[in-house]
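Some structures to go through are shown next.
In the two complexes that follow, chain A is the common piece, with chain B as its partner first and chain C second.
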Partner chain A sequence: MTQTQSVMLVATLLAAVGLWLLLPRGEGWGRKLGILLALASLGLFASRLPRLGSTSAEVIFWFLAAVTVMSAVCAVTLKSPVYCAIWFAMTLLGTSGLFLFQGAQFLGVATIVVYAGAILVTFLFVLMLAQPEGHAYYDRVSWEALVSACVGAVMIGILTMVIGDAFAPKSFTVDETEKYVTLTDGIVDPIAGREVPQRTDEILSDRHMDHLGTQLFSRHLIAVEVAGTMLLAALVGAVSIAIQSKPLARSAGGARHG
Partner chain B sequence: MGELQLLQNYLVVGAMLFSIGLVGMLTRRNMIIMFLAVEMMLQGVSISLVAWSRFHNDWGGQILVIFILTVAACEAAIAMVLVLMLFYRSGRLDIAAWQNLRESNQTAFVDTELPEAEIEEPQWPALAPSGIEPVQPVEQMVHRSHV
Partner chain C sequence: MSHADLIIFVIMLGKIALILFGLLTAAAYLVLLERWIAAWVQDRIGPNRVGIPLTKIKMFGLGQPLADGLKFIFKEEYTPAHVDKFLYTLAPISILVAAILPFAVIPFGSMLPTFNVGGEPITLQLILAPQIDVGMIFVFAMGSVAVYGVILGAWASNNKYSFLGGLRSSAQLIAYELPLGLGILGVVLAAGSLRLEDIIDQQATSGTWNIVMQPLGFLVFVIASFAESARLPFDLPEAEQELIGGYHTEYSGLRLLLYLIAEFLHMVTASFLITILFFGGWHLWGITGSAEDPVTWVTALLRVIVLLSKVMGVILFFMLVRWSWPRFRFDQLMSLAWKVMLPLGMVNLVIVAVVAEYEPQVLAALGGSRTALVAVLWALAILAWLIAGIVAPLSTDNRPRFEAVDRI
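Let's turn to the complex of A and B:
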């Protein structure tokens, strides 16, 4: 077992125990220990990732990634649903920051507008309508906290290891005459076998929105139409479900009275 | 800045977000928080797609994320209406209220012991009185029956 694998194993174990301690289980003990363990496992996972090369890029990326992942853990583990929604908004801010860092300007703004502006407000409205008194008993317990925490931690560990393996330098030979990439390991690896494509920096150019809109409304025009139709269908469906129940309840009550 | 390293870091962050959303979906019993965890899984996938889009210098990933946003908006509208309807019928947002929809050979989930409610006295900020003495008593003014 290599050093990377053992570090990943320890990080996965720490993440499982930390998540289990953080999840609402009915007992209140162990949350601080869970926070410590989860932070330690995050640090271990981060220590196995390659460096970005420039200091400012590293600072910005690690800040955004830490905000995103930690507020995601808070959004999943906190007991009060309102706090969960607010921490989910924090996750969205971190995600849109990550999008901006990748040069996806439109998506960074659209994530905030669509999620934080519409979906999160819908969450809060439903919470306000359905749970005005706040804490309910089913927020203080959870299904199978230990098994779920183990599943999540193992999934993080496996995905991190697989991604790390896929990016590890492999021995391969490039046959220039045949334009073939032959891996001596026997596995055709699409990433390590090729050179990074020559960049024209279309995504990072100043005319980002111009190019994105051109792509969206020329190559993907039919998909845009289908998406618009789907939005209309969702609107009609939501309204019809919402107004259907009132006459049903009224007629049931009327039948009982009559 | 190394493109390959950036891609790997982004993929790991996306995988973490996806897995945390999975844990939330599996554990929580509040229907709204379960739905919120699903949205978090979508966010993880979006981060990975944007990273691939940057790496290959191709617009496909970003276009797909725009459609993911559209589908998430539709899904949120329908799901929130359904959650409200389920709440009106059962009186609570608990997903365990609907477990009689299970198949006949499945055993029911029974709450063995419900945790005690943590009674926390809310700490409201007390402002220092200033200016002309108000006519009403201060306790009545700072009292908030319901938040």
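Let's turn to the complex of A and C:
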């Protein structure tokens, strides 16, 4: 195990314990310790992540990343459902900012439209009707704090190590006879042995929508079709539910005024 | 940073300042205009006395926005004890931010001719962020974020009238986002781009505005944008006869001002979108030239004037509608969205898709005349509208029945 990996492991463990302490269980003890542990783990993660090119890019990235992570922690640890929803919205805005920063304009804006704009607003709408303060304890407070903290930490750990490994500087032995471009410390797709398209070209291109459409409807056509069929099924289900409740509404009409 | 970069940076800051200042001033004077129009429609005297302060010069009441603003600033900033303080403060800020941000991608004209500053050639586009490829969805996204201002303000106020306003608002805005998107899709399909400049260019090049080709899409989009900006007849979230002031009942002073400015800015955004998507943007036959013509200073200026006049016309329409149409009942509002607007939007999308895909064949079948095509499209639109009106009339059976009236 390299030094980076052991640091990542410690950071993940710290994150798990901090999250466990932060999750609401009805009492206030240990929250400050939880915040401290979470910050320490974030610091450890940050110390091992690769540096970006320029200072301004670094500042923007770290600002957006900090906003996203902090809001995500707030979203799962706060008690009031409305505040949780707001912090979740903040997380989505941060994520969208990160997407925009990477040049993925459509993804960034679509995140806001779909998640922050539609789903979360529907969620708030339900929260308003549900009167969360009036319900039982188990409706308001998340339980199985230990399990959720562990699962979250394991996932973060695995993702960091996998992604960290994938993006670490590497060198491949490239067959000279195949006339492939050799990149000693760039990103090379080892299976195809060809150079992955330069990311900078995609970022600077002003035809994001074009690119996305071509990808979706040529390479990923079947996935799009399957997703469309599933959405259609959901739509049919919604319509059938709406039709079933109709006679009830009609019978209530005159009686109230009689 | 090189010399040219510095100039571009300064120009960018200038653009931002100009847009912010212009928008806030425009919102203030639109309030005055709305009060004038209200007075004119209702046959009474509107605000016409406030002129230059400390003098007796009246200037048709042009000083009124200043007086209004000062009144708002000097009013007591009262926070009721029963509110959720953090969200109560956050809500008006978020709605104003979401109302201003769309103007980053809205063009105010086409580009200026290349000019030299200190030996550097500079081509200036009259839009804040010309490199955004998804302008249309960006405006849409900011519109959906604006819902937060209303819902949070309503929830944090801890007042049942505000709460009802918030409920109505979230249901209304969620329902009308769908027809709004469907109205846009037809235009996007015709232009093949989500960029607002490209949509204008396409209309300028072909010379036919989208309203001619997609009357149904126009209808759906206009009605949905009325609902999204919560203007009468769709002002249920703040219906003052029913809900006192709706979601901003508990607000006073500057925070209320933020809400009111945001409301007017939504109307301005909607007017810009209607103009750009359906009325050809800066294009006007014979005056502004087509998209390929090289821009001169005269045409550049004319394009700005044409665009802003069209926007002004749409705003006047918004204001006249306010005094000529009764407010919908909530169930009518919902059935209009789901039973009329949504199917009509889909019909429009299908028609536009067919025309876009098979345009040469369709034209050949109609004897090659574009006028015939337009006539067929309009006939289809009117037919669809009639069918929608017959199938889903805006009356529902939850009013008192005959027997009930007899017994009373």
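Everything below uses one rule, namely that the second predicted complex is superposed on the first by the 170 of 258 C-alpha atoms of A that agree within 3 Å, B and C clash if a C-alpha of one lies under 4 Å from a C-alpha of the other, contacts with A are read in each partner's own complex, and residues count from 1 in each chain.
Operating definition for what follows: a residue touches a chain if its C-beta (ideal position, glycine included) is under 8 Å from a C-beta of that chain, and two chains touch if they have at least 3 such contacts.
What you see is a predicted model; the values in this text were computed from it and never measured.
*Asks:* Regarding the shared-chain residue A:A227, is it in contact with chain B (first), chain C (second), both, or neither?
*Replies:* first
*Asks:* With both complexes superposed on chain A, which partner does A:L129 reach: first (chain B), second (chain C), both or neither?
*Replies:* Both chain B and chain C are touched by A:L129.
*Asks:* Is A:M209 in contact with chain B, with chain C, with both, or with neither (first, second, both, neither)?
*Replies:* In the superposed model, A:M209 contacts chain C only, not chain B.
*Asks:* Looking at the overlay, what does A:A11 touch: chain B (first), chain C (second), both, or neither?
*Replies:* In the superposition, A:A11 contacts neither chain B nor chain C.
*Asks:* Would you check which partner chain A:I112 touches, where first means chain B only, second means chain C only, and both and neither mean what they say?
*Replies:* A:I112 sits against chain C, while chain B stays out of touch.
*Asks:* What's your read, chain B or chain C touching more residues of chain A?
*Replies:* Counting contacted residues of chain A, the larger count belongs to B.
*Asks:* Now for A:L44: first (chain B), second (chain C), both, or neither, which partner does it touch?
*Replies:* Neither chain B nor chain C is touched by A:L44.
*Asks:* Taking the superposition as given, does A:L23 touch the first partner, chain B, the second, chain C, both, or neither?
*Replies:* After superposing on A, A:L23 lies in contact with chain B but is clear of chain C.
*Asks:* Once the shared chain is lined up, is A:A89 touching chain B (first), chain C (second), both, or neither of them?
*Replies:* second
*Asks:* Examine A:V121 and indicate which partner it touches, taking first as chain B and second as chain C; both and neither are also allowed.
*Replies:* second
*Asks:* Please write out, lowest number first, the residues of chain A touched by both chain B and chain C across the two complexes.
*Replies:* 106, 110, 118, 122, 125, 129, 249
*Asks:* In their complex, what parts of chain A are in touch with chain B?
*Replies:* 19, 23, 26-28, 45, 49-54, 57, 61, 65, 68-69, 72-73, 75-76, 81, 84-85, 88, 91-92, 95, 98-99, 102-104, 106-107, 110-111, 114-115, 118-119, 122-123, 125-127, 129-131, 135-145, 147-149, 151-153, 155-156, 159-160, 163-164, 167, 191, 196-197, 199-203, 211-212, 215-216, 219-220, 223, 227, 230-231, 233-235, 237-238, 241-242, 245, 249
*Asks:* Given the complex with chain A, which residues does chain C contribute to the contact?
*Replies:* Contact set of chain C toward chain A: 87, 90, 131-134, 137-138, 140-145, 147-148, 151-152, 154-155, 163, 166-167, 170-171, 173-174, 177, 193-194, 397-398, 400-401, 403-404, 407-408.
*Asks:* So in the complex, the part of chain A that touches chain C is made up of which residues?
*Replies:* Its residues touching chain C are 82-83, 86, 89, 105-106, 109-110, 112-113, 116-118, 121-122, 124-125, 128-129, 206-209, 249-250, 252-254, 257-258.
*Asks:* In the complex formed with chain A, which residues of chain B make contact?
*Replies:* 1-13, 15-24, 26-30, 32-33, 35-37, 39-40, 43, 46-47, 50-51, 53-57, 59, 62-63, 65-67, 69-78, 80-85, 87-88, 92-96, 109, 111, 113-115, 117-118
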